[in-house]
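Consider the two complexes below, in which chain A is the common component and chain B and chain C are the respective partners.
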Partner chain A sequence: MELFLQQVFNGIMFGSTYAIVALGLTLVMGILNIPNFAHGHLYMLGGYLLFFFAITLGLGYWAGLVMAVIAMAVVGMIMERIVYRPLNEQPHINAFIAAVGSLLFLESFAMVVWGAQGLRVENPYPQMIDFMGVTMSVQRLLVIIGAIVLILGLHFFMKKTIAGATIEAVAQNREGAMLTGINVNRVSSMTFAISAATAAVAASLISPIFMLSPAMGAILGMKAFIIVILGGMGSIPGAIVGGYLLGLIEALGGGYISADYKDVFAFGALILILAIKPTGLFGKGEV
Partner chain B sequence: MLKLRNVHTDIGGMQIIHNVSMEISQGEFVALLGSNGAGKTTLFRTIAGVLKPNSGTIEFNGVEIHRMPVHKIVGLGLVLCPQGRQLFPQLSVEKNLLMGAYPMRKDKMRMQKNLDRVYSLFPILKERSNQQAGTFSGGEQQMLAIARALMSDPQMLLLDEPSLGLAPLIVKQMADTISEINKELDTTIFLSEQNANMALNITDRGYVLENGACVLSGESSQLQDDESVRKAYIGA
Partner chain C sequence: MFTKPIHTKLLYIVIFVAALLLPWYVPDAYIFQVVITSVIFGIAASGMNLILGYTGQATLAHGAFFGIGAYGVAIMTEAGISFWLALPAAALISAAVGLVVGVLTLRTKGAYFAIVTLCFGVIAWIVAGNWIELTGGHNGIYGLGDPTPIPFPFFGPIEFTTQTSMYFLSLAALLVVLFALYRLVYSVFGLSLMAVRNNEPLADAVGINTFATKVISFVAGNFIAGIAGGIYAIMMASVSPSATSYLLTFNFLIFVILGGMATLPGPVFGAFAIPVLMEFLQFLQDYRHLIFGALLIAVIIYFPQGFVGGLRRLNQKIAARRKQKTSES
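After this line comes the complex of A and B, so read on.
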């Protein structure tokens, strides 16, 4: 029972990261109509920027987090402006290629600036809490709470503000949105900013627990992509539920069977769910 | 109010609109007639700024708009209610309408006033304000599209084939509502239709488009009696 609860706790913590990253990927997919394959690399860069601001510049964890998030919002906007916007009217394959180009660029950039070996952000909250036989570090708890706050905040923004509604409007009908007077380019820019900033939040929350490495973006980006398919392409609730589900599957599978097969469970679940429901958990119509 | 001078528009390297010039004044109710593929939609999309003309000029209230982005043209008070409706299918009716008021998003009072106004014009939209737009029937979606276009209180409305795919009884209602918008709300309307009979019954005058060129224009009553128009578009 205690092992079970411990694994559930870990699963929710991993799931928190997955849910945030998949959510950001989903938002941008609505705008671009293709997945931004470089999204995982934005997450990776967010982690390194936390290291840069918090450790290198010595601003401390929280100020570093805020700076990393702001800086990543700007990076997101730049990416939209110089990589994707010029390809707006072009065939989707061009945007695919641009996405691959961006991720290679970001990974090499991190490699050159910070090196290939892992970096550690010192854990600001190493204290342990014991709750119902489950040991949890305060930082891990912070990951879970941070994700919940972020998801609720984003939900409020999307459902209750006009700026948030424009993101959905552009995703559902780009030309319809233009014709209501929405500046579609500005919405794209804002969506990229939010997407990259949320990836930076996820990375900043978890980097005191795991080492930073230039390769971490590729792995997470791939998983976020699985989650987005799992949740039903483009569905926001699907991305959130899918994120937590993947975290739980990995943690329970890893805890009870073998941690070596963690990723096998993730892909296995994807194949199983798509076999049963080809449009994904929350998918509507065709994929 | 709207002035087109020698407008040419290409799509994918093919010239679709040839040398179209027209002028519409404040308060007028004008028809754009033409059969399938005549270029009505292409002309409207050019005026609205979705497509850019290859040559020629378009002025709205004396301002050149043919190089402006769509959202700026909307901001000037020239709004297209597009063929195919282009609604936001997964947003509620009310959210669709509120997006229509995007240019005045900072003026909550006016937004509310416009919302009340379109609800009184289309009571069914009020009854179903929480329903997802995508679940509506064709006629209801068309009403919602017109209502959304009215939400920004446009000076001029381009209506692209609102009767397309609607049952005859609904077309009649739709025609009455459009006339009401022109008369009561004092909105200048440019209405594109294949249904020439309906359009000429309610408009003041009209243009006839054929293969992307303007071949005829005149008072609606004159066009109704015109032999070639009767043959081609009314079938009598």
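After this line comes the complex of A and C, so read on.
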């Protein structure tokens, strides 16, 4: 029972990361119809920027986190402006190839600047808490709490502010939003900034627990895609529920079934589901 | 006759002769190895071009099918089957897996298709690294023998022990594949491929079975990838999970896009020019993907037709201009 609870705790922690990353992806993908395949790599870059601000510049963990998030928001805006906006009117396959290009660029950039070997951000909260037989480090609890705060904050932003309402308007009807005087380009830029910034939050929260490496974004990015496709493009609740579910499935599956093949099950399930329902479980339209 | 600045037929003949004579002027064995690898990657990239360029389906599983071909040949020759039997068999296995995957995934469109095929690519890579009984795990399979000599009247058997013979084997395969693709692309079926790419609902409306067309293109492309993988395995005399990696897929993608999507010489040119160029720019090795990532973005935004496509356009423009001048005077 204690082992089970421990696995559930770990699953929720991983799920928190997945949920935040998938949230950022679902925003750009469902709302702007852009398959940002480099999203996992934005997450990776966010982790390295935390390292840069917190350790290299010596700002400390929290100031480093804030700086990393701001810097990533700028990176997201630059990416939208340079890579995706010129491809707006072209076939989607071109945007996808450009996304692969940016993915290679970002991974190689991290490799050149920080090297291929893993880097460690010192854990600011290494204390352990024992609760009902489950050991949890404070940093891991922080990941879970941080995710909840971020999700609530984003919900508030989308539902209660005008800026959030414009994002939703563009999602529902691009032309209609233009007709009511919404600057669609500004909304895209803002959405990319939010998306990249949330990825940076996820990376900043989890990087004191795991090593940073240039390759860490690839598999996470794919998982985020799986969550978004299964949860429905542009569906924020879908991304959150899907993220926590995938985290739990992996933690329990890794404990009880083969750990080597755990990714195979997740990816295989996606292939099968899309074979039966090509637009995803809750998908509305096509990309 | 010489109205165009680049006379295509003449150019092809020059390239063909240069390719035939290559073993006699290649500087050293290492560069020769790079060239042979380029020929093999040119075969694989041509297969990807059929799916991506002509049919418009962004497959990201091409490295996986290349790997299936490579492992197929490695496992079969290890078991004592002749290479000449193992190569077509491995390519057929590649095509068969492609059929299953294609039927399952080709109902999806656009980015969904790309993600699903990438998922398959990662699965193949994980399986290659972990199914130790069959694939040898992360160490792979090594110490493959040379292909058995072909008995040939008068000259005696043709042996496949030297680099030169391996080069001609891959070159012959490349030419056969290019000829087959040429016949395919310029046939009625080739037109329906492009119709599916340009406007799928319209293609459907004029009576093309779009799903079957896409599946056939996907299977044929993966058959070609299997051939390339098989030759790669026997050339390297070994195979490891990196032969199925998605990085390989991204390399093929770079070759196809930078060389020229939906042109027959484009991917081959890309597969040649880029690795050979990198050999001469060794000091840039660390920045390789930094440069090619940025180039991929720039090319897809500003020159979606790639190098060969762009050259072709320029060639036609200049020819049209000269024609105008001669008719005016």
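Just so we're on the same page, the second predicted complex is superposed on the first by the 262 of 287 C-alpha atoms of A that agree within 3 Å, B and C clash if a C-alpha of one lies under 4 Å from a C-alpha of the other, contacts with A are read in each partner's own complex, and residues count from 1 in each chain.
The rule is short, and it goes like this: contacts are C-beta pairs under 8 Å (C-beta built on N, C-alpha and C of every residue); 3 or more make two chains touch, one makes a residue touch a chain.
Since the structure is predicted, the reported quantities are computational estimates derived from the model, not experimental observations.
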Scan A:165 for contacts with chain B and chain C and give back first, second, both or neither. first
Please tell me which partner, chain B or chain C, touches more residues of chain A. C
Which partner chains sit in contact with A:176 here, chain B, chain C, both or neither? Use first/second/both/neither. first
Between chain B (first) and chain C (second), which, if any, makes contact with A:274: first, second, both or neither? second
Need the overlap of the two footprints on chain A, from chain B and from chain C, as residue ranges. none
Considering only the defined contacts, which chain A positions touch chain B in the complex? 162, 165-166, 168-169, 172-173, 175-184, 284
For the chain C and chain A complex, residues of the former touching the latter: 52, 56, 58, 60, 101, 103-105, 107-112, 114-116, 118-120, 122-123, 126-127, 130, 246, 250, 253, 257, 286-290, 292-297, 300-301, 304
Which stretch or stretches of chain B touch chain A in the complex? 48, 50, 69-71, 74-75, 79-82, 85-91, 95, 98-100, 102-103, 105, 148-149, 151-152
Under the touch definition given earlier, write down the residues of chain A that touch chain C in their complex. 29, 35, 37, 82-83, 86-87, 90-94, 96-98, 100-109, 111-112, 218-219, 222, 225-226, 229, 260-261, 263-264, 267-268, 270-272, 274-275, 278-280, 286-287
